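You will see two complexes here that share chain A, one where it goes with chain B and one where it goes with chain C.
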Partner chain A sequence: MASPYFRLRNVFSRYRPPPLLPTTIRTIQILATLHLVSTTLVELRICTGFSMLPTLSQHGDCVLVSPLPYWSPFSEKHTRSNRPKRGDVVVATSPMDPSQTVCKRVVGIEGDLIEIEPRRGNQRKWIDNAGVGFMVDVPQDIELEGHDENSHISHEELMRKPKRNGEGQWVKVPKGHVWLVGDNLSNSTDSRKYGPVPIAMVKGKVLARIYPNPAWIENNLRQIDE
Partner chain B sequence: MSKAGTFFRHKAVKDAVRVLAWVPVGIFFTRHVYSLASVTGGSMQPTFNPNLNSSPLHHDVVLLERWSVAINRFRRGDVVTLWSPQNPELLTTKRIVALEGDLVNPLPPSPPTPIRIPPGHCWVEGDSKYQTRDSNTYGPIPLGLITSRVAYILWPWPRRGLVENELPTKSKGRVRTLGETFLQSRFGASLNND
Partner chain C sequence: MPSDLKIEAKSSIPKKVVVGLDPNDPPCKLFSITQYQCTPLGGRVTCWPLERIFRQCGDNKPSIEVTNRLKSKDDEALIVDPKFIENPPKARNWNDYRGA
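Entry: the complex of A and B
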C-alpha cells in the first residue's frame, strides 16, 4: 500500500487550512510594517510621464524615494536647515489632484525671484502623426516681413510677437513654498501652471534610479557667478 | 542550532516580538484612521476654545477622522486640519468654505473681486468673527495640505459632541457653487432659500 497515489492521498487528507484569525493578524502586521517602512525610510516607486524626460524616461522608471533627507528629529515636518534645496528632484502631492503625486525638480526656494516661462524663440509643438513624432513650428500671426538683414528691428515689432504664457513675468516664491519645474520644459505641468507649491506637500527626495541603468540622481543646476 | 535561532527561542524575546509587531499597526491606525489632538488658539472660536480670554491655557481635545481624507472625501462646511501653507511646521484648524469650481467673494485682506477656485484646491476660513490667518490672507490652498477632518470634541465634557458641518454666518452667502449657478440659470432664483 505504499504506492505514490496513496501517499499523496494521505498528504491531502492530512491537510488542514491554516487557522484563520492568526493568519489575518500576521498579514495585517506585515502590511502595516511595510507601510511604515515605505512612508518613513525608503520607498521604490515607478515614475511615468514625459515631464522629467532627460532624467527619467516616460515609460516608467523605478526610482528610490526617501523622506529622510527632509526629516529632523525635533519636529514632525521640515525645519529650516533641511528643507528642499535648489536642484533636488522631489516627489510631491499634486496640487491639481490630491490623490496623485508628481515628480519634479526644485528650481526655486522661498524668497527667490523666478521668471515663470524661461523658454525663448519660436513656439514649437510636438506632433504625433500615426506613431511618427516630429516637431513643427507653431505658425505665428505676425511675420517680421519686408525687412532685410541690415535693417533694424524696432522694439515694438519684437513686442508684437506672440508670447508664451508667463513669458517676462517674474514671481517671488512666497514663504514656505518651493518652485517645482519638470526637466522637460516643453511637456510638463508644473509650477508654471499651478504656481508655487507649499513645502508640506513635498513627500520625499528622489535619490536614485534603480531599474533601467541604475544611477544616482545628481543636481544638474549650474551656479552662475555674479 | 544557530545562534539567532536560540536567541528567538527565549520566551522573553518571543513575547517582545509579539508585542512589537503591533506597533506598526498602531502607527498606521493613528495616521490613517483616527487619532487625538488638542486645539490651541482662537481662530475657530465659537467652535473650539470659546472662552479663551478667561482661560488662555485651555486646550480642547478633539478626535481627528483621518480615513475621510485618505479616501479624498472633502465637503463644504467640514472642519479640517491642514499644514499652514506659509509654515510647513504648523498644523492649523480651519473650515472648508468652497471647493474646486466655486466662486467666492473674499473678505478684506484680499481684493474684493470674486475668485474661482482652481481644480484640486479649496477655500478655508476660520470661524472667528475677528480676522484669522486663512484663505483670505493666502488664497486658495491645495487639498493635499489637508491631513484630517475634525469629527468630535472629546474634552471639555459639557461641550462634547459632533463637530457640526455648518458654515458660520460670516461665510454664508459668499459662495456660489457651480451646480447652484447652473440650477439658478435653469429654474430662476426660486431655488435660493437663504
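Entry: the complex of A and C
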C-alpha cells in the first residue's frame, strides 16, 4: 500500500495545467519584453499639436524615441557625455500634467542664460475668407503676402502689443535641468510657461519620424563660422 | 482652423548672416538653433525662421543667448553688442521671475 506521500506525488505528477495558464504566462512574457524594449531601447510615439511645426506636423507624427542616447551603463546620473544636448528634440513628461508627454527641442542646458522670450515683432489681426479673425504672429520687418486693396484676404494692423512676457529677461538654467521650447514659438506651451525641466523628466531623444514622410530628426544646432 | 492646412516654410526671407566674432574674444564662438514663428494665413500655415544665436566661451562652458543683442558690423556681418558682453544680464533663477 502506497504511502500518502507517494499518492500525493502521483496526483501532482498527473496534474496538467489548463491551456489558459501557459497562454497567460506567454502573454505576460511578451508584454514584459515589450515594456523592457520600450523603456530601455526604442519606442514609437505620436507627437501631436502645433508646437513643433514645421519639424513635426500638427496632425500627429509617429516618431521613434530612444532613451539610449542619454543612458549610461555605469551610473543612473546623467554625465556630461550622455545628457541632452542643445538642439536635440526630446520627449519629456509634461510638467503641467505628468500623465502627458511633450515633444520639444532642447534650447538650453545647465548653466546657460536663455532669453525667455526671443520673439520680436507684432501680432496682427488676420481675417480669413470666412470672416474669422485670428491673432497672428508676424516677425518684425515682414510684409504679409496678399495684402493689397483687391485681395480677398485683408488684415489690419492692431495696436502694437505690449511687451511680451519674458522679453529682455534672461533665466539661468539650473543644474540638472534643460530649457525646452517648441519649434513653433508662436504656439507652444514650453519652458517659457513652466520653466526649466529636470533632466530626469526627459524620457528619450526623438531619432526619426517614422510616419508620414520618414526622415531623421536632426539636431539643428549650427556653429557660426568666423 | 481648417484641417487641410499646408505647411510652408518661408525661404524668401533672408536669413541673418552672422559671422565675424569680435576679435577681442578669440576663444568665444557663436552658434545658432533655428526655430520658427508659424501662423495660419489664407488656409496655409506659414513659418518664418527665427535664428536663435548663442555665444559660448570655451568648450563645455555655459552659453548666453544673444539673439536680440546683435549689431551690424558691415553689410553682412553682425557682431554681439560689446556693451552686452561687458555687462551681461544678471543670472536670475526662474523662481525670481515667476515668484513660485
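Going forward, the second predicted complex is superposed on the first by the 164 of 226 C-alpha atoms of A that agree within 3 Å, B and C clash if a C-alpha of one lies under 4 Å from a C-alpha of the other, contacts with A are read in each partner's own complex, and residues count from 1 in each chain.
Heads up, the rule we're going with is that contacts are C-beta pairs under 8 Å (C-beta built on N, C-alpha and C of every residue); 3 or more make two chains touch, one makes a residue touch a chain.
Computed from a predicted model, the values in this text were never measured in an experiment.
Novice: I want to verify the contact counts: of chain B and chain C, which reaches more residues of chain A?
Specialist: C
Novice: Is A:108 touching the first partner chain B, the second partner chain C, both, or neither of them?
Specialist: A:108: touches chain C, not chain B.
Novice: Is A:174 touching the first partner chain B, the second partner chain C, both, or neither of them?
Specialist: So A:174 meets both chain B and chain C here.
Novice: Quick one: classify A:53 as touching chain B (first), chain C (second), both or neither.
Specialist: Second partner only.
Novice: With the two complexes superposed on chain A, say which partner A:164 touches: chain B (first), chain C (second), both, or neither.
Specialist: So A:164 meets neither chain B nor chain C here.
Novice: Which partner chains sit in contact with A:118 here, chain B, chain C, both or neither? Use first/second/both/neither.
Specialist: second
Novice: Quick check for you: in the superposed arrangement, does A:85 touch first (chain B), second (chain C), both or neither?
Specialist: In the superposition, A:85 contacts neither chain B nor chain C.
Novice: Taking the superposition as given, does A:224 touch the first partner, chain B, the second, chain C, both, or neither?
Specialist: second
Novice: Which partner does A:187 contact after superposing on A: first (chain B), second (chain C), both, neither?
Specialist: After superposition on chain A, A:187 lies in contact with chain C alone.
Novice: Where on chain A do the contacts from chain B and from chain C line up?
Specialist: 174
Novice: Under the definition above, what is the set of chain A residues touching chain B in their complex?
Specialist: Residues 28-29, 32-33, 35-36, 39, 75-79, 83, 92-99, 174-177, 194, 197-201 of chain A touch chain B in their complex.
Novice: What residues of chain B sit close enough to touch chain A in their complex?
Specialist: 21-22, 24-25, 27-28, 31, 72, 83-89, 118-121, 138, 141-146
Novice: Could you pull out which chain A residues touch chain C in their complex?
Specialist: Touch list, chain A to chain C: 50, 53-54, 57-59, 80, 86-87, 105, 107-108, 110-116, 118-121, 126, 128-129, 134, 136-139, 142, 144-146, 153, 166, 168-172, 174, 181, 183-187, 195-196, 220-226.
Novice: Residue numbers of chain C touching chain A in their complex, please.
Specialist: 3, 5, 7, 9, 13, 18-21, 29-43, 45, 47-48, 50, 52-54, 60-65, 67-68, 88-95, 97-98, 100
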